[in-house]
Amino acid sequence: MIIIMERSATEENILAVKNILEEHGFRAIVHVGDVHTVIDALGDKTTLSPSRLETLEGVNQVKLIREPYRMASRDRKEEDTVIEFENGVKIGGANRPVFMVGPCSVEDDYEGLLKVAVAAKEMGCQFLRGGAFKPRTSPYDFDGLGEKALKYLAQAKKETGLLVVTELMDSTDLDLVCKYADIIQIGARNMQNFRLLKAVGKCDKPIVLKRGPASTIREFLLAAEHIMYNGNEKVILCERGIKGFDSSFTRNVLDIAAVPVIKKYSHLPIIIDPSHGTGQRYLIEPMAKAGLVAGADGVMVEVHHNPAQAMSDGKQSLSIPQFKEVFGKLNLLIDTLHLEKNNNNQIKEA
Amino acid sequence: MIIIMERSATEENILAVKNILEEHGFRAIVHVGDVHTVIDALGDKTTLSPSRLETLEGVNQVKLIREPYRMASRDRKEEDTVIEFENGVKIGGANRPVFMVGPCSVEDDYEGLLKVAVAAKEMGCQFLRGGAFKPRTSPYDFDGLGEKALKYLAQAKKETGLLVVTELMDSTDLDLVCKYADIIQIGARNMQNFRLLKAVGKCDKPIVLKRGPASTIREFLLAAEHIMYNGNEKVILCERGIKGFDSSFTRNVLDIAAVPVIKKYSHLPIIIDPSHGTGQRYLIEPMAKAGLVAGADGVMVEVHHNPAQAMSDGKQSLSIPQFKEVFGKLNLLIDTLHLEKNNNNQIKEA
Amino acid sequence: MIIIMERSATEENILAVKNILEEHGFRAIVHVGDVHTVIDALGDKTTLSPSRLETLEGVNQVKLIREPYRMASRDRKEEDTVIEFENGVKIGGANRPVFMVGPCSVEDDYEGLLKVAVAAKEMGCQFLRGGAFKPRTSPYDFDGLGEKALKYLAQAKKETGLLVVTELMDSTDLDLVCKYADIIQIGARNMQNFRLLKAVGKCDKPIVLKRGPASTIREFLLAAEHIMYNGNEKVILCERGIKGFDSSFTRNVLDIAAVPVIKKYSHLPIIIDPSHGTGQRYLIEPMAKAGLVAGADGVMVEVHHNPAQAMSDGKQSLSIPQFKEVFGKLNLLIDTLHLEKNNNNQIKEA
Amino acid sequence: MIIIMERSATEENILAVKNILEEHGFRAIVHVGDVHTVIDALGDKTTLSPSRLETLEGVNQVKLIREPYRMASRDRKEEDTVIEFENGVKIGGANRPVFMVGPCSVEDDYEGLLKVAVAAKEMGCQFLRGGAFKPRTSPYDFDGLGEKALKYLAQAKKETGLLVVTELMDSTDLDLVCKYADIIQIGARNMQNFRLLKAVGKCDKPIVLKRGPASTIREFLLAAEHIMYNGNEKVILCERGIKGFDSSFTRNVLDIAAVPVIKKYSHLPIIIDPSHGTGQRYLIEPMAKAGLVAGADGVMVEVHHNPAQAMSDGKQSLSIPQFKEVFGKLNLLIDTLHLEKNNNNQIKEA
């Protein structure tokens, strides 16, 4: 940490900072400048919070040098995290990007769900996604079928071999969801529901953690850190759009740059969700492509057997024929560019 | 609702929209324009979601005329909601604005907490706030003392008569928190934790609901609607700053205009939190004043007996002497402007 | 336009709206609802501004159905605008994406500039970019060499055949800049400098118009409309990043979705600038790729012969060897995906 | 400056940074840490730009200690800048807050303008504002009467004694505008039109500089610095709302905290504009009050003699009776709180 003192700081102020640092095991080096005094503090930030130093008299600001996440950081683990499933499917590293597709909510029409799952299997997708418990902005909207939906997903898995991704909204449902899910999803609005992060940190299923719409990259990685710190290192990050100032044409701003940024600073896999990221069906194809060439390890897309009748998010869902067309193109893109996978986007600094 | 069709919409498209509307009990009036066809749909939105209409072929967009919240809306209830406590304290309406003060987290120093409570009582505050369960961005930060903190708050209440405000983070702690709290706080990061909103909707304590940092006014009122819809109408809204593009000088942008906007569209009381809203001690006084003259029903401020030793948020906390100085000025402002209370900020349109 | 009346609107209010509409040649259809009255106004918005209707007593809001830009709109001109240069280079439509590269500012080192130009030519770039007049946030920073820089660019053009792109900051320099430039650039901070837009609207050079950092898509297209309305239809839009809430890792948020959104609503070509869009050298390659697969008609990138000595924006500039590596990959991407160019990103709605 | 090296930085990298610093007259102190090496650079930033250091190999980041504006900074000039006009009116310091009112655009109805001016004089306002040259998002909107409008303003000044504030959009109109204006306004969209800032920096009229909708406080003060650096220190800042993510209820987010923040870091006066800041008539009173208690040196408000017929911004304009009611309350607020003026919002740190 670097502590920058106010111009008006007295010698006592400076000494007080030095003392508290040394009490906590830091080495403190004081540079008296013409204008400001600056103190370099070398030691373990966990023992003394920067925010505590900021409250001391005469302190102007405290600047951190190291990022506050550790387990999620590439500094700690250089190679990419790869998550492997029972059936051999792998996410992350040099593996082929995965596809997670399915309806926003699982509805009371198993045949409809199965149609989507069969089409997904046919297009080479590995995961079937669908909500059993749905967060809804308005209390008047449909909020999911609960366990019945989970059973439908399990049945579709049995018939197609697709793995199941579904959202957990509350720690009280953890055991129930674990019984049916291959991946547990934490929704964007729960990204900083720390009790929920702690709960899934104690289970052994891989987690898809969606970025909160107003979360910085640092907050996003710290949310992953909460899960990892509690024991579960199988975290898959998901960029799904951040809040912007223009919602006339897109629901959110899909922050494609988050993909290569996170690849640089973390070893965790990251996928993108162009359905929520844009809220527009016609943007799914170009934005999925953009995410893939920027290095995403997978794509999550909403597909519904009859979007016009969907209970939620129909507008941003692909119908089955649209899905086949779009994913045909995405598969072609991946195939065509495959050779570049291993040395993707690396610039030597020189 | 108003349904605007694409220029390219066919007669079949238009008929399909008309049919689905009529099936759901709407009256549909079709205006064929030179460029666009527009359909007015008169009926009850709860029976047919606009997002479902948006997925129909040939539909360009669906525009809502009425706001989607109902119980929280001033359309439904013209007079201000006033929340009254056992000891006669009232929040909302023409009542004197209330003060909720105390440390960010309750720490393991009861005497410190008591000092703050005694000073608060002396300055005419009605509520003691303090966190027993703390949401923390990083898993390495202090996250609260749990029940011990609740007991300390109860003890301080006993000694000073102040009512207790404390945060609930997870529905599993509801009974525990209800045992000690006079008001349950839902934090900004949980504003769209719908299961938690549902849980507190079923209890009978007043709720302080903090605005999420990227939540629109509509989302904020819909979060209140979740609580009300589940049975609890005693909701106090709290503006605590939204995410902005400049975090060099303030942590958030305190959206003072949210106060008069919400006063116009909702009957619920609204308070402001300049501590989180700015993250800067020196901004508490001017921003608390700004909120009060804009019509806020109360102010929530962090006060610590020794900010330099605080486990969290020390930088934005007032020390006890600073608190006395600032709240002396706020009391003076309220007293001086008291006569204006009843006809505050009303402009006749003419 | 659709005019939604307040619940409390009187018959006189409604009549007044109807009258003003009819005075301005609109057909007004009034629907009296149980809650609100809604008036459909069919006619030419240019004769009566919606903001004027909004001021009438009893009017709650006015909703527009048609976008306010016309010349820039695809509604008016279905086929893509293609801009052709003297030497046969074309921008837009099904043409190969173009590359505009060069230093942020032209500095007083012609040999350095020439090295960049020669490398650019070698990599198949069509345009040399470089600033003669530089907008600088601080008055203490280098603000360009003026005409000397323009002469250097002209000389480099002579030696390499590259076309010249350079920024115009003030209408008083228009003739000077026209003398040397093949494309005139309007910078992001001048996107709503309407006098400058008017000035370049009256010249016959193609214009690269950069999106303002807080501009909506609608404002962006309306800025283009200012230029077109004044007589110059050769506008090339440039997405260069919008202001976000997180500037720790990237300077701006490069809004890749703006590319397919604008392709849908406008016939104008659009290029992307990942240098300003991210402010980070290592993000240029993945974000350029992302923009290209999303449909961009070109890429603008900062390249400097010695970034460590650059007078401005060195951090986000590629050195010549880095440039060759990155553009080798971009060329490969374009070549590999070339066949998709004609049916890129089109989803049939069904 | 503090230069933080990459973990992977070599001794050569460190030496290279040290050398370049010393070449430019800095004293460089190197701290080799276990993880990172940090270099303190003591000297004059004007001689070496931090962005140049950031491009050096092995440099992770450069952190600034001092703000980059100087003339605008309170560090350089402790006492408040007070701007005095020919007729004795003063802005800034302990002076009574001023009022600048008038129509958005001056229209071709001198009697209407005069009515507003007479009412303004009667309510104790000091300035008449009105646009002769209007920036308009769409080229199809009314953009001002030009010199005729300036003549109307001059005539109204003659009849009422009010001083004139009017916007300059292009440096070519500078002499014309100077002839009529007592204060020249630079609009929000031109806040970073550096050529215009330079031009007004060379004239001797006071300038109202409006904050750009996506400008940080630092960029805002640097824009003022451009004017001051060119010779004109009479700059009045104006907070008029920043771009937010929710435009359903307000056009912008009026950043009230900018007032006390700027008061702390700069000696320049700052006023607020609740008309543009909110875009809603009913919010003018509460937001003007909020700005005043937060320390603003004045308020700028749009008033029109017949808002329903206004050529621009009618929706956010007050009619003359509304204006009298609102400004009666604002005057009362100022009178009532007057005694606090001198020790407003100062918290001793202790």
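Should a chain be cited, it is by its letter among A, B, C and D, assigned in written order, with residues numbered from 1 in that chain.
The definition used in the following text is that contacts are C-beta pairs under 8 Å (C-beta built on N, C-alpha and C of every residue); 3 or more make two chains touch, one makes a residue touch a chain.
Nothing here was measured: the structure is a model prediction, and the numbers come from that model.
J.: Measuring between mean CA coordinates, which chain is farthest from chain C?
T.: In terms of C-alpha centroids, the chain at the greatest distance from chain C is B.
J.: Any idea whether B-C or A-C has more C-beta pairs in contact?
T.: Between the two chain pairs, A-C has more contacting C-beta pairs.
J.: Using CA atom averages as chain centres, what separation in Å is found between chain A and chain C?
T.: Spacing between the chain centres: roughly 31 Å.
J.: How many Å are there between the centre of chain C and the centre of chain D, using C-alpha atoms for each centre?
T.: Centre separation, chain C to chain D: 27 Å.
J.: Which integer distance in Å separates the CA centroid of chain B from that of chain C?
T.: Centres of chain B and chain C (C-alpha means) sit 39 Å apart.
J.: Can you list the chain B residues in contact with two or more other chains?
T.: 57, 214, 243-245, 349-350
J.: Flag every residue of chain B that touches chain A in the complex, lowest number first.
T.: 46, 49, 51-52, 54-57, 68-69, 135-141, 143, 169-172, 189-190, 192-196, 212-214, 219, 222, 225-226, 229-230, 243, 307-315, 317
J.: Going by the contact rule at the top, pick out the chain A residues touching chain C in the complex.
T.: Chain A reaches chain C through residues 214, 216-218, 242-246, 248-250, 253-257, 259-261, 264-265, 277-278, 281-287, 289-295, 318-319, 321-322, 325-326, 329, 332-333, 336-337, 340, 344-345, 347-350.
J.: What does chain D use to touch chain A in their complex?
T.: Residues of chain D touching chain A: 2, 4, 7, 29, 31, 33-36, 38, 40, 42, 57, 63, 65-66, 75, 243-245, 247, 349-350.
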